[in-house]
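Letters A, B and C mark the chains as written, and numbering starts fresh at 1 in each.
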Amino acid sequence: MKYADIVHRCFRCGYCKFTSDYTDFNCPTYRKFRFETYSPGGRMWLISAWLNDEIKNSERFQEILFSCATCANCVEHCVFTFSEDLVNIFIAAREEMVNKGIIPPPVRDYLKNINVNGNPYKEPASDRGKWAEGTSVETYSDQEYLFYVGCVGSYDERAKKIAKAVGSLLLKVGLSLGILGNMETCDGNEVRALGEAGLFQFLAEQNIASFRDLDVKKIITLDPHAFNVFKNDYPGLGGEFEVYHYTQVLAPLIQSGKISLKECNAKVTYHDPCYLGRHNGEYNSPREVLKSVPGLELLEMERNRGNAFCCGGGGGNFFTDILGGGEDSPARIRVKEALDTGAEIIAVACPQCAKMLDDAVKSEELDDRLAVKDVAEIVTGCLL
Amino acid sequence: MYSLKFDEDVCRTCPTGDCLVKCQYLEVEKETAIAEMVKIGQGEDSFVLHDCVTCYACEEYCRRGNYPFYLITERRQEKGLLTTPRAITRQWINIGEPQGKYRLGDVKERVLSFGFMPEFLRWIKGKLFEDVMPSFIFGQEFFCNVVYIHFANTAIIKERLPKVVDNFRKLAVKEVIFLHDECYGAFAHLAPAYGIEVPFKSVHYFEYLYNRLKELKDFIKPLNIKAAYQRPCSSRLSSDKHHFVADIMELIGVDLVEREYQDDNALCCGGIFSMCFGYDLAHDVQKRNIDDMVKHDAEYCIFNCPACQGSIGIQVAKRGIKPIHMIHLCRMAIGEM
Amino acid sequence: MNDIAQSLTKIVGKAYFSDQPEEAYFYARDPGLMPPHKPDYVVVPKRVEEIQEIVRLANREKIPIVPMGAGLALTGLVIPLKGGIVIDMKRMNGIIEVNEGGRHVIVEGGTSQGLLKAYLEKNYPRLRHSIPDSPATATIAANVMIHGQGRLTQQYGFNSDMIAGLEVVLASGEICKIGSCAISPDWFSKGAPLPDLTGLFLGWFGATGIITKVAVKLYPRKKLRDVEIFITDREDLIPAMVYELTHTEMVEDINIFAQPKPMIFKDNHHITIFMTGDTDEEIEFKRKMIWNALDGFIKSKDGGFMGVPPVMKPTLLETPQRSVSRFADVKKGGGFEYSGPIIMIDKYPACARKIVELGEKYDLGYSGMARIIGRSHAMMYGFAFTFNRADPDMMDRTREALHEVSEFALEAGGVFWKATVDEQKMAMSKMDPNTLDLMKMIKENMDPNGIMNPGNWEVN
C-alpha cells in the first residue's frame, strides 16, 4: 500500500480532531461516532494494524475507513510533517480494499453506477445536459471556457437549479463559455476518493482526451470536487488546463461592475466547502462575490475558512451515506452553527454542500428560519 | 597560519587615537588611547580589553587601517577574557557549523549570497533581483563567521573562513553580491586583515540595489516618507559603502532624518549587548537610539541587518515607527510591495 | 450479544457501545510503550447517570472498568490491564459553569484542555487555567487526577492543587461531592476547611472512583505574554539560577530543557522563562527583575540570555506547545515516552548527566525537560525518549532506558509521576510500610470488588 512506510508515525495526539483554536471537535466522523477509532489517529493506527495483520478487514473497519469525508481537517491541523498525506493515506487504504474487492455495498454500488452509467444516479447519459434547457448556455465549441458541471449538477434536482443559476450568471457577466452536455462524463474525484484508482484513471484519461480534442484550455467548474481533481490530479495524467471554480472568475467581474446589483438586505453566512477551502486554499473569492451585493451582511460562523466544519458529503458520503444522518450528523450540527450567527441564509459554493445542508435544515425543522442558497443564486436574486 | 596584519608603529605614530577617543562607551583621551593600543599590541593588559563592548566602531574610526577591534579580539582570546557567557558562544558556534544542508540556486559567475539568513529565501524576489536570480547560495557552508569577534573568538574564524572561501572557489563564482552586511565585511575587510585570499569580487548589496534602482528608474515612485536608518555594527567594516544609504534614499524619495545617532555616531541595535552584558547596557542603548528616531519624527526605521530587525524591530514598532528592511523599502519604491 | 453487552448497549445506546476488534485494538494501547491489553467492551457515555449504571453493572458482574480521557499520560494508565470495560469519557465534555468573581469553572469529566482554553478566551478573556503542554485533547479531569502540571505550576503547584472540588462516582455507583460543594452550592474549595477527601481519588488513576466533574481554579489572564531563554553550560548551577528566578515572584512558568539536537540547543541547558503582564510596562518591569536576578551569572559568564529567534517565539508561547508533541516524530516513528519523576531541584545536575548517559548507552534520541513546581519546591524532570514504532529493537532499548531511569529516580529521592505499573510496584516496595497499609486499606474499602482500573496501585 502506498504510504505503508509512514502510517506508524501517528502519535494519536488528537490535534487532527480539533479546529486550530480548539473551539470544537472538527473531524466529522469523530464528532459523530465519538470512538477514537473514527478519528484520523484511529484510522492511522488501525490501517497500520491491518497492514501488520493485527486486525482483519471487517464491516466495522470498512465503515471506519469509508465514513471519512476526506474533508482535510486533519491535514490542516495535524502537527506532524506527514500531515499533508493524511487523506491520501486513507484513500490508499481504500484502494487496497477496492483491489481486494472487500468494500461496503454502497461503495460498490456507486462505483458500479459510474462504471456502467457514467454517473451515480443510473440516469441516461443522454439526459446529462438537460439541466441547461431554458437557459442560454450553449454547447462548447471554441468558447473561451468550458463550463464543467459534473454529475451532481447535471442530475440532482436541487443542484440542477444551481447549475442553471451559475451558467446563466456567468453568461450575464460576459463570459464566453459552453458545456459538454450529454458528452460530459464524470470527473472522477469521488471515484478517486473512494479508492478505485483504476476507474479514476480511466475517467480522467477519457476526459483529458475529450478536452484536448475540443482544444479546451480553460475550465470553469460548478463543483469544487471537479475543481479539485482537475487542478490537482489531472496534470499528473497529462491534463494541464487552467482550472477555476466559478466564484474565482465571478468575483473580479462583479467587482469591476460587469453587472448591476440592487440592494439586497440579507444576513448571510458562508459555508466553506472543503474541496474549495481546505483542499485548495480558496476562501476569499466566494466572500468577495457576496460582499459585492449591496446591503448583504456577511456573518462568519465561528468555524470558518481553515476551520470550517464539513457538511459530511465528501469522501463519497454524498452518495454512500456511510457517515450517516442523525442528530450528531455534521450537516445538522453545521446548520445550527449557521443559525447561531443570526443569518437567514447559508451561502454555499458546492452543490453537494447545498443538498446536505438543505436536508439538514429540514431535519432540524429550521425551514422557516434558514435557507440554503448557492452564491450564484444569491447574486441572481439581486440582479437589477 | 593566519595572523592579523597589525603594525604597532602605526598606533604609536597615530595623530588622533580616534579608535578609542571616538568610542561611544569609553571615555578616553588621545594620549591614553595611543598608549593603551600600544600596550595591547605588545600583549599587555589594558582596561580596554575588559571594557570594550564589541560594537566594531573603532574599525571605522581608525583611518589608518590598523584593525584595532580585531586586535582587541585577538588579545582577549589569548588572555581568556570572555566577552560573552560561554554557553552563548557555544550556541553560536554550534549554529554556524556546516551541516551539509546548504541550498544552491542556479549558480552562475555572478551570485547572490544569502549567507545563513533564512529570511532571504523568502525576501529575494521581484525585478530588483531578476538579473541575478536564481543564482544564489545559502547555508552554513557560506556563513561568514565574523560574528564570533563579538565573542572574542578569532580561532573559529581562522578555522572556518578559509573553508568557506574554498566553498565559493569550488562554485567558480567571480562576483558575489552579499545580502548580509556582515558577510560583505568578512570578505572585503576581515579576510584581507588576516591575509586570507578571496578569489572573487565582493559586492555590497546596497551598491547592487543602487545600481539596479538606477536601471529601473522608470518604475520608481518616490515614497515621500521620513525614515531613520539603523546602522548595524558590521557596517563599520564597510564604511566605504555607507554612502549608498543616502544615495538610495535620494533615488527613492526618502527623507533620511538628521539625527544624533547616525553615521559615525550610530548606535548599534544592542542585540549582542543583551547576550553579553545583561539588561542595562542593551536597554539604555536601545532606548536612546529609538528615542532619537522618535524625536526626529521618523515614520520608518530602515534596517540593513535582519538580526538588528529581530532585536529592536518590535520596540521600534511599539513607538509608532514602521520597521522595514532596505530590500523591502526598495521593492516598495518600485511598486512591488 | 451477551448479557453484559446488552446491558451496556441499553445504558449508553447502541451507537456508543462497542465490542468490536477495532475498538479492542485501539483502546488496548496508548502512544507509549506499555504492552497492549484488550478491553472486552468500550463505551462512550454522555451522562453521569450512565456512568453510575455502568459501575453498578461492573460491580454485579465483577468486571473491571477503566475510565479514559485522551490516553496521553503515555504510561499505560488507561490500558485495561485485566480487560473489562473502557469508559471513554470524552463525550462528557461540557463546561458547566464559570464563576467569574470566584474564579473557578466546573467542567465534566471528559472536557478537554483545548475546549476550556477556547471557551475562556472567548467568553472570559481575563481568566485562564493552568494548561499543560500535553495535546489539547487531553482532559482536565485526567490531568488533575494524575497530578499533572501546567503553565501556572511554578506559581501555584500541581494542577491538582488548583482544583476547587470534585464530583466522583464511587465503586458502588454512588455519586459523591468532594469539597465545599458537598455542603455549599458553591465550588470554591477542594477540601479546606473540611477534611480533604480529594486525596482518595487524585493520583489513584481511577482505582478508587471516576471523576465526573471537576472544579478548576482560574487565574488572571494578562493581555501580554513573553518568553526569555537563559542558557548555561553548567548544569550544576541550574538549582541556584532557578532559586534566584523563583525569588523574584515575577515569573509565570519555568521550563528547563537540554537536548543534543537541533544544533542551536546542543551542549547547553535552557531555562525558558515565561512572563505575563497587562501592559508593556508591567512586562518590562518583570523582565528587568528577571534579568537582574541572573545578572551575577551573566557577569561570571556562566550563563546568558540567548536571543529568541522570531520564528521560535510563537512556538514557545503557544498553549499548549504543539512542538512538545512533535518530539514523537524525531525518529520518524511516532513514538514518545518519558519518565518524569517529581524530585528536588538540586538533583537537576545528576538527572541531566543521567539522560545523556542513557541516550548514549542505548543510542536513543532524547530530551531532558524539567518544569519547576512552586517556588523551587520541586521539579518534574522528564527523561524523554523518542522512538520509532516500526523498530522493535529501538522500542526495547527505550524500555530499558526508562527502566534505568526509574531505578535512578527512586535512588535519587524522586517520586514517580503518573507511574507505570512497574513504577507503582517499585514505589510500593520502597514505601513506608504504614503508608502502604493505609493505601491498601483505602483501596480495599473503596473498591471491595477490585473492579476500578485493577492492576494499578494494587498493594499485595
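We take it that contacts are C-beta pairs under 8 Å (C-beta built on N, C-alpha and C of every residue); 3 or more make two chains touch, one makes a residue touch a chain.
As the structure is a prediction and not an experimental result, all values here were calculated from the model.
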Most heavily contacting chain pair (counted by C-beta pairs in contact): A-C
Central chain (distance from its CA mean to the mean of all protein CA atoms): C
Mean-CA-position distance for chain C and chain B (Å): 47
Whole-Å gap between the CA centroids of chain A and chain C: 40
Rounded Å distance between chain A and chain B, as computed from the means of their C-alpha atoms: 53
Residues within chain C bordering two or more other chains: none
Residues within chain B bordering two or more other chains: none
Footprint of chain A on chain C - complex, ascending: 15-16, 18, 20-23, 25-27, 29, 31, 42, 44, 70-72, 88, 90-91, 112-115, 117-119, 121-122, 135-137, 322, 325-326, 328-329, 332-336, 388-390
Chain A to chain C touching residues, read off their complex: 5-6, 8-15, 17-18, 21-24, 33-37, 42, 45-46, 49, 54-56, 58, 60-61, 64, 79-82, 326
List of chain B residues in touch with chain C within their complex: 82, 84-88, 90-91, 94-95, 97, 99, 271, 274-279, 283, 307, 310-311, 318
For the chain C and chain B complex, residues of the former touching the latter: 231-233, 263-269, 280, 287-288, 291-292, 295, 297-299, 301-307, 309-310
